[in-house]
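One chain, chain A, appears in both complexes that follow, with chain B as partner in the first and chain C in the second.
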Partner chain A sequence: MPKLPGLIKGLGVTMGTLVRTVKDGANTVQYPHAKESPPVRARGVIALREDNCTACMLCARSCPDWCIYIEAHKQLAPPRRAGGKPRQVNHLDRFDIDYALCMYCGICVEVCPFDALFWSPEYEYSEPRIADLLHDKTKLGEWMETVPEAPALEVGAEKKK
Partner chain B sequence: MIAQLAVEIPYWGQSLLRVVGGLVAVLLPAGTIVYLFLFKMMSFMQSRLGPMEAGPFGSMQLFAEVGKWLQKEDIVPENADARIYKIAPIIVLVSTFLLVVVIPFGPDAWFTNFSAGVFYALAIGSVSVIGILVAGWSSANKYSLLGGLRAAGQLIAYELPMVLAVVGVVIQAGSMNLQDIVMAQNTGEIFGWSGIGFPFVLTQFVGFLIFMIAVQAELTQAPFDMPIAESELVSGYMTEYSGFRFLMFFIGEFATAGVFALIASVLFLGGWGIPFSWFGWETIDQVDNWMNIAGPVIMFTKMMVLTGIIMWVRFSYPRFREDQLQRFAWKVLIPLSLANIAVTAIVKVVV
Partner chain C sequence: MTMLSERQQLSYIASQAADARLNVELETEGMTLNIGPQHPATHGTLRIIARLDGEQVIWAEPSAGYMHRGYEKLTEVRTFPQVTSLINRIDWLGSFANEVPFILAAEKLMEIEAPPRAQHIRTILFELSRIANVGLFLGDLGVQMGAITPVFLAFRDREYVLNLIEGATGGRFHPNFDRIGGLKDDLPQGWIDETRQVMKKLRGFCDEIEDLLFGNEIFQSRTRGIGVIPADVARQYGLSGANLRASGVDWDLRRDQSLPMAWDKVDFKVWTHPDGDSWARCWVRLQEVRESTKIVDQLLDTMPAGPVMAKVPRIIKVPEGEAWVSTENPLGEMGYYVVSKGDLGPFRVKIRSASFNNISITPWVLKGVYVPDIITILASLYFILGDIDR
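Right, the complex of A and B next:
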């Protein structure tokens, strides 16, 4: 019997929520009609800045799902200084992320030493066919437009050299 | 029933009317309960809107769901006892239809009017246990079996306080005929004042509480949803069912909620009647014909209030543990209902 007040309180909580929902509307959003804007640093989709990628394969190897596919070949690039030896660079032939496998852990973004991978809050890229969830480097490059500006450094933080 | 409508309807016509009436009396409350309470009230209590796409405010969602279930394959597990497995949901649903048969909806709007109505209702109400037990057993699935056994234990445990709670009403009304119980409540007076009749909920409030708690358990609604506890037993005895047979279990669950609420409103809230003193009626023969139309509406309103409470409790409380559930039935409800019977009997004799 000492539990009775708690039981009545419990009924009051649900009824209170009902009244509040009727009066002020629900806490949820009717998705296709109305959209919630995700937080700036939400993990929506991973974007690729192709110029920064050196095909070092760190992301592909650290991916728990093995959902990153990288193929590259070596090619010669013009020397940095006049008269120098031509540089040898890795040129990306293929950089795919299979979002059917990706679990959005973000290890690839963390591990990339050259800032080639970025999180974008964009989340609307579902496809009727599962194979279309394999985003190639062109598509991953297009996601770069949705990547938000990096937040300003804290006061007194060490500047990047 | 029909003679009052001043038209002569042949026997087959009356039978047809009764069948249609029975279908309406079972399916209409079930549909309303599912949409109004399960879809909408539950969603609002969780601060969301529920289904909004099918029809205005999602009102056609139920048809969409039924259509979805009808499309699904009717799977029978390989090791299941196929024939029994297929019959089980029918047993559950049929018990609901048999239950509605004794409920009076108006002075002449009844399906059958026999003198042991309460007895019949309580007896038929427990037939669904067989369907559930059989479903759990024949599915050849451990979850189903456990769910079925839990359901059987629970339904039998709560059958008893339910029956005992009704006995108080029967003693007070002096009849087991549901029509007579309605009459007793609407012609009664409280200390000579007949303004609201004499609904038994006033004197039998303990019985009413016990009855509603037992109904909650009979329907295996939370907090008594141990048999279908989805976090431990998948879906209990319904685990293996799909398509139309699952739909039958689903309809059975909510139709039974409606029918038990109808019975509760007959037993405790005055049923179809309005206090007879308002119109100067004294016996059932004097009641005007329009009550045959108004009666079902009144019954429906009372049913909606009661199922609303059942669902409200369902959405608010967490689940009982198995031992708590059994202890509550045997150690609290049954002694309480026995005491209620004793007090009612003594007061009946004394007054």
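Right, the complex of A and C next:
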């Protein structure tokens, strides 16, 4: 009978947890009914601000698994000042991110020199069909609403210039 | 060091007896038992081919490679910033710890050093990933022996650590937070206080596991004296980390080498155990989690102010040369040998991962043990499949 104390101790833990769960509630979150809010920095989905994008292709080139597809054409825009020459701008035809391939590394957001890409902590965009995970530029633009403000930094951090 | 305990001697005699049995003329027909590649006790797709004589293993060999992802080759066609997003998938439970040696090797070649604040935060996140990794091991250990409760406790308390990592880096499992020359960003506000509270909780978790699991008589009788690895054998097979320390070798890369990290600014104890059995390996890891929480606490108290990024060109080209950096990862020694030809990406990277060497001892240690003990020995050796196959 030398193994009995361990068994009794184990049953004691079960009893203790049972009492605590009934009193304080469980540690788990019942997902579809209750939701956890991810932290502000969580990398959930990438949002696109289309006006800022100049189709420079930096994000598409630096993506480790090449899941960003960009197509653009040049077009003439009205001059900034009256009497000036018309400007040549890149107009974005297609900006797709394939979330079936994306590995959420965040390199594209980091390399973007014009602040066109942002992280949003939104995570509920699973699809029954894998092809639907290809988000086009209108869908990526809709994610912009969910992008939070950058959080304040810890004491001792250097201010961003 | 050469002194063997009585248990070690007995285990050695048993293995010699198993050897001898093969040579006896009246040999009974053995049986080959395949454990894996799909088996809940192998933590992934490791296959152990064991030749049995009755209940005893007379020959065993691990067959790795079912999940080979070719990271050494993949790094050759990626640029340096892209590589970190790949390599934190090697040991997926302690992913931040995978990035650090590679970044340190690249920094060594570029002859830059991260600012002190970045070194501090790096070390904290490194230790947090150790806690998350080994914390899960402590829970998983019970499951291998039929105790379900510890794994729930482990998952409950590991979640706090993962929340911390996610709060700072944005990724729960794949932080990709380390950059050449520093870190991607500074910590968010309130993170330090939160971390202190979580460390307190985790020390409670360690006490709980020590009382519940390590104090359990069944656990003790399943692990004590099982799978004894003497110190010289452990050294010969290239074991590292807690597996080596459990054999009585006082070896810790955090203390023994000077890296641009913050470990030399804290004092911590390197735990060793003279026995070298499964129990010792588990016990050393438990103490390590405790020690890690203390390291994190000390580092939080002495956090310097300043930038987290050194001056680094926007397009990173690493100068020609070769560098080897290894650190004490949750599983053992992990190192990267980076060869650069001055391009955007590395020319060749050799990854030395701890688990691959740690399981290479299985043919030696499994010889002569009984079938149920295979599982406890494998569990106590503690490997992550991604770390074996890369």
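Assume the second predicted complex is superposed on the first by the 126 of 161 C-alpha atoms of A that agree within 3 Å, B and C clash if a C-alpha of one lies under 4 Å from a C-alpha of the other, contacts with A are read in each partner's own complex, and residues count from 1 in each chain.
As a working rule, a residue touches a chain if its C-beta (ideal position, glycine included) is under 8 Å from a C-beta of that chain, and two chains touch if they have at least 3 such contacts.
Quantities reported herein were computed from a predicted structural model and do not represent experimental measurements.
Of the two partner chains placed by superposition, only chain C is touched by A:P39; chain B is not.
Legend: residue contacts after superposition of the two complexes on their common chain; A:C105 is shown touching chain C, with no touch to chain B.
In the superposed pair of complexes, A:M15 makes contact with chain B only, with no contact to chain C.
In the superposition on chain A, A:N27 makes contact with both chain B and chain C.
Contacts of A:A82 after superposition: neither chain B nor chain C is touched. When both complexes are overlaid on chain A, the residue A:A131 reaches neither chain B nor chain C.
In the superposed three-chain model, the partner touching more residues of chain A is C, compared with the other of chain B and chain C.
When both complexes are overlaid on chain A, the residue A:A157 reaches chain C alone and has no touch with chain B. Note: residues 10, 13-14, 27 of chain A belong to the chain B contact set and to the chain C contact set alike, using the contact criterion stated above. Those residues of chain A that touch chain C in the shared complex are 2-3, 5-6, 9-10, 13-14, 27, 38-43, 62, 64, 103-107, 110, 119, 151-158. Contact residues on chain B toward chain A in their complex (touch as defined above): 41, 43-49, 52, 312-313, 315-317.
Those residues of chain A lying in contact with chain B across their complex are 7, 10-11, 13-15, 17-18, 20-22, 26-28, 30. Of all the residues in chain C, the ones that touch chain A in their complex are 78-79, 81-82, 85-86, 117, 147, 149, 156, 159, 163, 166-171, 174, 176, 184-192, 211-212, 215-219, 221, 303-308.
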